[in-house]
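Structures are listed in the sections that come next.
Paired with subunit B in one complex and with subunit C in the other, subunit A is shared by the two complexes that follow.
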Partner chain A sequence: MAIFSVYVVNKAGGLIYQLDSYAPRAEAEKTFSYPLDLLLKLHDERVLVAFGQRDGIRVGHAVLAINGMDVNGRYTADGKEVLEYLGNPANYPVSIRFGRPRLTSNEKLMLASMFHSLFAIGSQLSPEQGSSGIEMLETDTFKLHCYQTLTGIKFVVLADPRQAGIDSLLRKIYEIYSDFALKNPFYSLEMPIRACRGKATVGWCSGTWTLFTQPSWTLGPSWCGCFVGGRRQPCWPHKSLQPPRRLCSNCSAWQWC
Partner chain B sequence: MSRQANRGTESKKMSSELFTLTYGALVTQLCKDYENDEDVNKQLDKMGFNIGVRLIEDFLARSNVGRCHDFRETADVIAKVAFKMYLGITPSITNWSPAGDEFSLILENNPLVDFVELPDNHSSLIYSNLLCGVLRGALEMAVARQLPLRFPTVPQVQMAVEAKFVQDTLKGDGVTEIRMRFIRRIEDNLPAGEE
Partner chain C sequence: MTVHNLYLFDRNGVCLHYSEWHRKKQAGIPKEEEYKLMYGMLFSIRSFVSKMSPLDMKDGFLAFQTSRYKLHYYETPTGIKVVMNTDLGVGPIRD
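This part shows the complex of A and B:
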């Protein structure tokens, strides 16, 4: 898929919608015996490889799963600490899956706010009067395209550098957003677009990239799939303008709590 | 509901009778609920405002108009593009004030008031006040050209306008006239400390 992510940022810089559709990342699963020849360290609630790059396992990769079961940050699925577990010779041989760590929802929020600020700086730096903000940001592995509407909403798309037609995709996403934002009377403007029970995909339809979304709009609680403290946590919409404080950092899907 | 990519710019055709009837039912229900014409006018304005803040996104997404640099351009866009797109009529713009901050929209026929007759006990009811609210709401969210002011995080500023009916065919005038007045730019959405 040539489109990697879509971000929708509101006027105040808060992220109101996010969609990832990466192809499967490079992951490596290997069986290890004691002692582990990789040096692991805890960083930001994740267990990362600090030293010992080999066989597709690179420095910076995180521990994604142990013995087939996904780890939960620094804890295994059973609640034990990963580093302790791997330090105990009785648990070996063990099969560990390493891969590039996914961004948590909190991190995505922060990145979106940072981009919002950079966007404003971009338009101020311009030597010409009345410049727009950042429209494209290019790296060797992706291109970031941004479209700011006249009402201050920014649509950001990360795509393959060779992918063409992103401008029309951005306009299309704006049209779809205006439909979903407008036509649902229960959606408050500038609030996160909740899709706890919905599914969003980017697809190729009739010659253009299109965003297909089926959001669910409820005023009451919606059950997020994450188990924190052993219980399903409800998500309530927040009335304040800022994004809700509590996020499901356990879910890799885009959900607001 | 999900839209397919080939929807393009075609709009769904709907019977205008249904629209007129719906609006009429709305106004009569409001009259029953509030009993006082002034309150009904206020409610219609509020409802129109809520419609306007959403409608502007749809308008900007579908019509591809660029930024308006002054009030005159705004007036042109409202009359020639927006009214045409949503109500199918093209009002004319007249009576510019000398300072260029007030103008009148003259509507020859108003689709909201087809077949409507105002009874005597509702003589101060502004039947189409929803339109004023819509205009006010849409312009408040839309943007005028950025002035080279201090460092704004939201580079555009919004316009506060006032819209009111000065002539109404329902009250016996020949045409419907909406007077729009530019009040000020709204700058209170800059974050604290950005003053």
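This part shows the complex of A and C:
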């Protein structure tokens, strides 16, 4: 998948929207016998590999599942402590799945705020006049692109290093943000953006970035903001690639889904 | 291609060397503070990148660019960090 994630950060540095779309990360499941040749340690409520590398399992990978059952932080699905369970030779042979740990929502919030500050420091340490903040950050596994609008909102996209056209994608996301979030009468500025009832995704279609919305009639009727005769009007089914709003014939106001 | 300045840090954050060729804007803070801020920013960016990365990383953070300059970063296995600020017309300069 070329685009890994999208983050939208408000002008105070808080995360208001986040979307992850990477394919399953590198995971390795192996059967082990006692003693375990990897050293595990507890870090941040997760059990990580501290030392030892074999067959695709690297330092920093977390324990994701034991014997097919997903672990919950440091406890297995049955409530036992993972480190204790793996220290007991009676439980072997055991099949453990390792992989890169997923970010929790709190961590995403913290990373977004961290990026907000780094952006500002990048502009302060500039050797040239009038520099903006960090617009593109390059590593060997991903490229991070950032677009800051005149109102201070930052749109951050993590993509494959070889992916082109991200600048136009950022402008497109800004356009979509202003069309759907800002023109929505129920949205308060700088607050987290709740996804519309029909899930919207941005994709590449015939040479340009476009917004794909699922038809919302599959989820049952939804109610829009227009009141007629004291009752709310039911939503209409909207096809893909059409914006989910229309002009109300009764009160001439825009209806939202 | 313009090179603005160069910093060399050791693994503890002490600035070993700083050279300036073509710098138009000073940071507005004393040089010592600027070195500490630069090292702190690089340390934070490295930890940010290692958390955000969707795949296992080999080299880590390489460079970042703003609308006016590009910062290149190279770290040796012993922890020596080389940081160079150049203008935007520059490709990868790790070598």
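Here, the second predicted complex is superposed on the first by the 197 of 257 C-alpha atoms of A that agree within 3 Å, B and C clash if a C-alpha of one lies under 4 Å from a C-alpha of the other, contacts with A are read in each partner's own complex, and residues count from 1 in each chain.
Simple rule for what comes next: contacts are C-beta pairs under 8 Å (C-beta built on N, C-alpha and C of every residue); 3 or more make two chains touch, one makes a residue touch a chain.
Since the model is a prediction, treat every value here as computed from it, not as a measurement.
Room for both subunit B and subunit C is found when the two structures are superposed via subunit A, with no clash between them. In the overlay built on the shared chain, the residue A:178 is in contact with subunit B alone; subunit C does not reach it. In the superposition on chain A, A:133 makes contact with both subunit B and subunit C. After overlaying the two complexes on the shared chain, residue contacts for A:149 are found with subunit B alone; subunit C is out of touch.
Legend: residue contacts after superposition of the two complexes on their common chain; A:122 is shown touching subunit C, with no touch to subunit B. By the touch criterion stated above, A:13 is placed in contact with subunit B alone, subunit C being left untouched. Least inter-chain distance for subunit B and subunit C in the combined superposition, rounded to the nearest angstrom, is 10, based on C-alpha atoms. In the superposition on chain A, the residues of subunit A touched by subunit B in one structure and by subunit C in the other are 117, 123-124, 129-130, 133. Residues 4-5, 22-25, 27-28, 34, 37-38, 41, 44-45, 48-69, 71, 85, 87 of subunit C are the ones that touch subunit A when the two sit in their complex. Chain contact summary for the complex, subunit B toward subunit A: residues 2-6, 53-58, 60-62, 67, 141-143, 145-146, 148, 151-156, 189, 191.
Partner subunit B is touched in their complex by these residues of subunit A: 11-13, 116-117, 120, 123-124, 129-130, 133, 149-153, 171-172, 174-179, 181-182, 189, 205-208, 210, 212-214.
Touching subunit C in their complex are the following residues of subunit A: 4-5, 22, 25-26, 58, 60, 100, 103, 107, 111, 114-115, 117-118, 121-142, 144, 158.
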